[in-house]
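What follows is a short report on a single structure.
Note that the chains take the letters A, B and C in the order they are written out, and that residue 1 is the start of every chain.
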Amino acid sequence: MGFSAADLQAIWLTLRLATVVTLMLLLIATPIAWWLSRTRCRWKGVVSAVIALPLVLPPTVLGFYLLLAMGPNGPVGQLTQALGIGTLPFTFWGLVVASVIYSLPFVVQPIQNAMEAMGERPLEVAATLGAGSADTFFNVVLPLARPGFVTAAILGFTHTLGEFGVVLMIGGNIPGATRVISVQIYDHVEAMDYAQAHWLAGAMVLFSFAVLALLYSRKRPLLLK
Amino acid sequence: MSKSILSARFQLDRPGFRLDVDLQLPCRGVIALFGHSGSGKTSLLRCIAGLETPRRGKLSLNGETWQDDNHFVPTHKRRLGYVFQEASLLPHLSARGNLNFAARRAAEVVTEAEHHRIVELLGIGPMLERPPAQLSGGERQRVAIGRALISKPRLLLMDEPLASLDQARKQEILPYLETLKTELDVPIIYVSHSPDEVARLADTLVAMEDGKIVASGPLTETLTRLDFPIKLGEEVGSVVEATVAERDAQWQLTKVTFDGGELWLRDSGHAIGRRVRVRVLARDVSLSLHQHNDTSIVNSLPAVVEEISTEQHPGMALVKLKLGNTPLVARLTHRSAHHLALAPGKPIWAQIKSVAIIQ
Amino acid sequence: MAPTLRKQYLLGLLLALTPLTPLAQQVSVAVASNFIAPMQEIAAAFERQSGHRTVVSSGSSGKLYAQIRNGAPFQVFLSADRDKPAALERVRLAMANTRFTYALGTLVLLTSSSQADPEAMLQNGHYRKLALANPRLAPYGAAAMEALSALNLTDQAMPRLVLGENIAQAFQFISSGNAQLGFVARSQIARDKSFDGRYWLVPAALYRPIRQDAVLLKRGADNPAARALLEFLRDETAIAIMRDFGYGQPGEE
């Protein structure tokens, strides 16, 4: 048997999507996690709850409301149209946006936990040694939070790989743009092509397992001279 | 040596605690902030470092204002070094990495020679490549001290640096601290609740209680105040600056001289001419009206009674003596004081039982 | 209470609470999503007339098929196509000689805006996205592709297609405005006046008839209620309901 051309395209697309989403999430989540770990502002609880919403909403529900919001009559859609980029549903970048929202708590929380765990002391030490805020952030906070970043990246990547409900709602199943592995497997099952489904699902499990095993068994030395 | 003044005024509110101090001190040597836990000494140190933001604050060092009503120089712009109670080495860097972190951010370039000197002074050469997790508590603290010094700070702040170490480690590090005092020109503010450490290291003593300063001044003068506001219990005593004059090889004794006389003590290897500190605890000083030679007590010196206090201990009296210009404190029973008819101005002989060189 | 007396008491209680009388049975039905609305009305009518009870579950035909193959306790299956009931018959999970076409599906072309003429939009290419159900999975999607081909519009439409997993999703794409045009089942808009004037009834000649088959499953073989339900689907009452929802009957191709 083996993979059809459509399957290979879906695999490649899914990997691209997961990579882009993970990188964007790391960039977006880091300042958010930093703010949440240090602020004493009264809005902290509200912001944390909003970010964590995707954890409790069924993905199809989330996808449905994104479909409305990003559509031509929704607030986001009107914005994107005003900017001249059309609407986001049925596009790769629409999926990226939706995936970022959907996986945000999985990336923010590990980073935030790592930043909270280090406490105030390393920051005070850095200040007494002459390091300003940016200096401290890049040379002390980030290295000390590294385990949190690794966890966040793994979670973000694998969560996006397996994402189904949201993609289902706003993807439109367009080859090369939104036809990802999870939808492809689902379609194989719907069409009773079980053998194809097994191949794809097996490949997905093997790949995820390899990624996780590689990352969890690394013995990176903790020191940077 | 420049004569700089440290001027600090802070009001800090925390739940269940209030710091309210106003301090003007000559900023040289070792200034000890002494008090029990909760007295506010660490809070004051942190305010000086800029790690706390008090409601009202003014801080200046030799005319340079670090804080007032209009502005606040952030910690990283103050040229100071800080040693925390638990070493707090950056865990993702080796010992060398920690030193380099500081050296790279120093206000002036740190030369190889200067870097090397700090390493030598603190004896941390062999441990440079190791990560903090592989160092003992004492080693970590020495690296932390080196790290604080390497950027040539104008002021070194130390927050109970020996508190988290056991006796053996403490004894290991104290000599290094004493060396720092003599070898480097940087003023040190040293927070401690240990009278022993204060006696060994301090030049100026600032005593604190409940967030307020209750006594401050030169060490010996302040420490020997009979109304010293902090209960010292068995630690009441005096610190005497003396010089090694003679060494007796036969009896393994050393003689030190000070302006009030001379003392014989156990030989501890110090060379002749060396300046040393000697601690004389009040419980080791007994008084007699006449000099006695038929006693095991080696040291017997003429003194004058200056002051007597009976408030502190039930049935006990503290007597402040002057030997030349040097104050000593003796502790005896109230009954003995009465029996000897002690009164201010009365000449007396002080018998000093055991004396230890503490430096 | 003595043990044996207690047992009798409980048994009596249990029997008294059992809602079923010896004559009235319960039948569990699996229905393709596109037919759920008419099925609810048909089931109600059936219950009134026969005294039997129905339990209706819906889903995509593919999902229901997979579930039935893996032991789901359905007794009657109303699919959206012919293939799945036939496949179940081949593996003996459906009873022979019980399969029949219960409805003919009708395809319509719907537009999201209330001002436009969907047929003209399609012909002239005045749309950005065209939604339909995945032809691989849904007979209405396959029918839509056939219609496009018959109109020689496949090449024009292909790059602008967005596929929903089923016609319900295709409908969502249109109603949310994300697709300007889309092929859906007539039954989806049959009862909704707001769609009047916004759809084009695709001529039956342009696509192969969408025959929706029903079949008695093995688990329902001994259930008189199951057989009665299948009979009822050929009854006047049921057919009238289906017509109201825009479904045709076999023989009207």
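In this text, a contact is a pair of C-beta atoms (placed from the backbone, for glycine too) under 8 Å apart; a residue touches a chain by one contact, two chains touch by 3 or more.
Computed from a predicted model, the values in this text were never measured in an experiment.
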Centre-to-centre on C-alpha atoms, which chain is most distant from subunit C? B
By C-alpha centres, the chain nearest the middle of everything shown is A
So, what's the distance in Å between the C-alpha centres of subunit B and subunit A? 56
Could you please state the distance in Å, as a whole number, between where the Cα atoms of subunit A are centred and where those of subunit C are centred? 37
I'd like to verify one number: the distance from the centre of subunit B to the centre of subunit C, where each centre is the average of its C-alpha atoms, in whole angstrom. 89
Which residues, counting only subunit A, touch subunit B once they are in their complex? 121-122, 124-132, 135-136, 139-140, 143-144, 146, 222-225
Spell out the residues on subunit C that touch subunit A in their complex, using ranges where they run on. 60, 62-63, 65-66, 84, 87, 128-129, 131, 134, 136-137, 161-165, 169, 172-173, 176-178
Okay, in this complex, where on subunit A does subunit C touch? 64, 67-68, 70-74, 77, 86-87, 89-90, 168-169, 172-174, 186-187, 189-192
For subunit B, which residues are in contact with subunit A within the complex? 49-51, 74-77, 80-82, 84, 88, 90-94, 96-97, 100-102, 105-107, 131, 147-148, 151
